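Two complexes follow with chain A in common, the first pairing it with chain B and the second with chain C.
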Partner chain A sequence: MNIYIQGTGCVSAQETSKGGAFPEDILPWEGPRLKASEPDYKQWIDVKLIRRMSRVIKMGVAAAQLGLQEAGVQKPDAIITGTAYGCLDDTGVFLSKMINQQEEMLTPTAFIQSTHNTVAGQIALMLGCHGYNNTFVHKGFSFESALLDAVMILREGQSSTILAGAMDELTNHSFNILSRFDLYKKEPVTPDTLLNSHTHGTVAGEGATCFVLGTEKGANTKVKLAGVTTLYKPGGKAEISADIAAFLAAHQCSEEEVSLVITGRNGDASGDEWYEYVETQLLPGKPVACFKHLCGEYPTAAAFGMWMGAKIIAAQQAPAAALFKGHLPGEVRKILIYNHYKQTHHSLILLTAC
Partner chain B sequence: MHSDVWIAGGGVICGIGNNLSECMTAFKHMEPGMAHMQYLHSVHRHTFPVVEVKASNEMLAGWTGMSAKLSRTALLSRVAAEEAWQSTGLGDIRKFRVGFISANTVGGMDKTEDFFAEYLQDNSAGQLSQVIHHECGAITELVADAMGIRHHISTISTACSSGANALMYGARLIKNNMVDVVIAGGTDALTRFTLNGFNTLMILDQAACRPFDDTRTGLNLGEGAGYVVLVSDALAAEMPAGKTPWCRLSGFANANDAYHQTASSPDGTGNFLAMKGAMDMSGIKPEDVSYINLHGTGTQNNDAAEGSAIARLFEPHYPPVSSTKSFTGHTLGASGGIEAVFSAWAVKEGVIYPNANFTKQMKELPFAPVTAFSSGHQLQHVMSNSFGFGGNCSSLIFSKSAQL
Partner chain C sequence: MENLMAALKAQIVEQLNLQEVKPEDIGDDQPLFKDGLGLDSIDALEIIVLLQQQYGIKIANPEQGPEIFHSVRTIAAFITAHQNK
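Here is the complex of A and B:
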């Protein structure tokens, strides 16, 4: 069964929330924290609700609405989200008040909105969607698990369209605490220098990306999701190369057929060694595109990578800022996306033109 | 979709027992686990009874070989997951392609709370080791790593229905032949965060909870973990001598109420759709259901909505129903897993669990919960309901081995 990407929506550190093609101009950033460029939410959400919603909810709802609009779908058969951190802002608000007020005089709004399924529940509520609704919260596998769940459900034949996506927000608390784990660059970096910095650490990002997956090819559908898999703590670079070769073989894709490789390079010297190995040992000479200098690093950033891959196939061209090695071939048929999060959670996604 | 999904075993730890056998004893002797807080430190300790696991973190660490400094949520998870695996008699777990799909609602929040108290004073203070396992997925990985599981690992969080959704995803992994075995369920330890959160919603009862009783005023929070072991046809046929699968996971469905972020719709639309969907997948009719393990939290809203949906779906053949939360409290992300173990065991052993503290019939319902433990039944199909915030509603159906 073919699974088509009927629509996509993305809120990120780039101006992606206008919908349509990949933005021509890259938004500049400096320092280790990229913030999402947020759209005017009033086009989708009631003003009273906007005031109460945290950013991750708003970004998630916007990405969902953009994807549904592009797909021309009003109500999907299922809604599946992935979020590693969940609703961090509301969690931080409730936790801080609970501690500062010694567990007294607390109000429910932040608690209600702190649960990890808030975004998926809110989308269902806004769409009046009674279908299957699930939320995966497994670190760097959150998005991939949501995709896989969607694929398995579509294959069962009872559902024809599923909204699947991922969202994570960065808050002041989370950025402070994650910085203390020594994850981010100490020296100044920019979109142009990050990927070749060869030093420790990366830059923090956030965003929401949704896909409408379906069993039917729509009038404007250009891309199929051919496969997705996760690999937990692989034994080493040779093992991951073998896993990638097996993944391609399982989806009847020879290495020659891969038009472009998108890797999750984030400028962290030791993490990028995995990508370098795969790019040079397994798929030498292939053009390589990257995305984390555009969206920052976060556990569900692979969703941005897949969004970019879908846009490249649809437009048959790649933004110059995304290309890291080589040149795009005349025809882009198949894109392999290889991402890992902190060298622990590795994932593979295969997109093909249709 | 060639393979059936079988329950090869299960394990549970909760406030009425540290393993399945102890829980069964508590049901037989009508011993619910509500008590004053012993291990959770909260200003509300004399106000709200809870159903704590009767073991300190040091004791849990001793049983599991894990560090007592880890989140209690991971320690509980390990105890139940290990019992579940051992109950199958399948031996060395490394022989199989194994998935671990675990649900929880607040990850390592019990430790994050301690960290945050110091961090809020000075944002360079607080031990990072207390917040490193904050994420829900971190809890799953601590247990997967300890058990040597790496083929497929994921974590689900859909509030109070989380554990049931872990079984659905696990069943799909089996049906798609991605793994041979899935240990699926959920875990949650009591935290001040959840206790205070539920308190702001004013749905905590200051006495023992009374699910499906007209005088009910709220729920009691509990803690624990529960997992079943899901296997394919092939592995079910290869179980060691003396072991047979408990039953099949024949049907499941997840639907959204799409009514309100926390409250259920008055007629229980999502609950109805979940139960109906699960029966459709099992290929059975309402009169075929032998027993329902209710979500039954004891809140006004849940029990009215769930009851109304059951009345609409089952009228006039109401099966025996009961809420085991009247014993275990509401264990949130663990409840779907714990109640899946109880429900699968009910099919295997022919037991029906009592609903404690029931005295007064709900006016709006034509049926009442079962109040006494009984055994010796032939239970063909047992339904387990789990409903949660965000409108998430899930139902599972466990069935006798024989195909219809």
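Here is the complex of A and C:
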């Protein structure tokens, strides 16, 4: 059974929320934190609802609406999201009030909106979608788990159209805490220097990306989701390389057929060694594109990578800023996306043109 | 009473994050729920907490809710009556 990407929506550090093709101009940034470029949410959300929504909810709802608009779908059969951090901002508000007010007289809104499945629930409420609604909170596999669930449900024939996506926000508190874990660059970096910085750490990011997946090819559908898999703590670079070869073979794709490899390079020297190994040992000479200098690093950033891959196949061109090695071939048929989060959560996604 | 109603309007706007509403836009007798200001049950809970936090007043009988929360004037009257007790 073919699974088609009927529509995509993305709110990220780039101007992706306008819909359509990948933006030609890359938004510049400096320093170790990339903030999402947020659209005017009133075009999708009633002002009476906006007032209760934190940024991640608004970003998620906007990405969902963009995807549904592109797919021409009013109401999907199911909504599946992945998020590692959930609604961090409201969690912070609720916990702060709990401490400051000594657990007395707590207001309901922040509590209601602080759970991880708030975004999927809010999308369902707005669409009046009473179908399957699930949220996966699996750290660096949150997005991939949502995708796998969607694929399995579609293959079982329980649904024909599913909205699947991922979203994570960065707050001042979470950025400070994650900075203490020594995750981010100490030296100044820019989009042009990050991927070749060869030093420790990366840049923080956030965003929301949604896909409308279905078993039917729409009039404007150009991309198929051919495969997705996750690999937790592989034994080494040779093992991941063998796993990628096996993944491609399982999806009837030879290494020669891969038009472009998209990797999750983020400028962290030790983490990027994994990508370098695969690029040179398994897929030498293949053009490589990257995305984390455009969206930052976060546990569900692979969703942005998949969004970018889908856009490249649809447009048959890649933004110059995304290409890391080589040149895009005349025809882009198959894209392999290899990402890992902190070297423990590795995932593979295969997109093909249709 | 006028000062109390003005303060209440500002507190309601802030507590409920009514982004498109200014305190002076709320009429003294304008219904707060449904067709009036359009507040809902979650907002009612927020206002109950507001009364407890700002004025030290608890609503003992929930059945009085619709009557008390009808408008800014009815809330102000309820506060005045209970603060004088």
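Keep in mind that, in the parts below, the second predicted complex is superposed on the first by the 354 of 354 C-alpha atoms of A that agree within 3 Å, B and C clash if a C-alpha of one lies under 4 Å from a C-alpha of the other, contacts with A are read in each partner's own complex, and residues count from 1 in each chain.
Going forward, a residue touches a chain if its C-beta (ideal position, glycine included) is under 8 Å from a C-beta of that chain, and two chains touch if they have at least 3 such contacts.
Bear in mind the structure is a predicted one, so any value in this text is a computation, not a measurement.
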- Task: Please tell me, clash or fit, for chain B and chain C sharing chain A in the overlay.
- Result: fit
- Message: Touch test for A:V47: chain B only (first), chain C only (second), both, or neither?
- Response: second
- Counting only touches as set out at the top, which of chain B and chain C does A:V258 meet: first, second, both, neither? neither
- Scan A:A318 for contacts with chain B and chain C and give back first, second, both or neither. neither
- Task: Based on the superposed arrangement, let me know which partner A:P108 touches: chain B (first), chain C (second), both, or neither?
- Result: both
- After lining up the shared chain so the two structures overlap, which partner does A:I3 touch, if you call chain B first and chain C second: first, second, both or neither? neither
- Task: Figure out whether A:T135 sits in contact with chain B (first) or chain C (second), or with both, or with neither.
- Result: first
- Message: Just to be sure I read the superposition right, which of the two partners does A:I99 touch: chain B = first, chain C = second, or both, or neither?
- Response: first
- On chain A, which partner touches more residues: chain B or chain C? B
- Lowest inter-chain C-alpha distance for chain C and chain B in the superposed arrangement, angstrom: 8
- Message: Based on the A-chain superposition described above, do chain B and chain C contact any of the same residues on chain A, and if so which?
- Response: 106-108, 112
- Could you please specify the touching residues of chain B with respect to chain A in the complex? 1, 42-44, 105, 107, 112-113, 116-117, 119-120, 123-124, 128, 131-132, 135-138, 140-141, 144, 150-159, 165, 168-169, 172-173, 175-176, 192-193, 196-197, 199-201, 253-262, 269-270, 273, 388-392
- Listed in rising order, chain C residues that touch chain A in their complex are 15-20, 38, 42, 45-46, 49, 52-53
- Contact residues on chain A for chain B in the complex? 79, 84-86, 94-96, 98-100, 102-104, 106-108, 111-118, 120-122, 124-125, 127-139, 141-142, 145, 149, 152-153, 155-156, 173, 176-177, 180-181, 230, 232-233
- Touch list for chain A against partner chain C, complex: 47-48, 50-52, 101, 105-109, 112
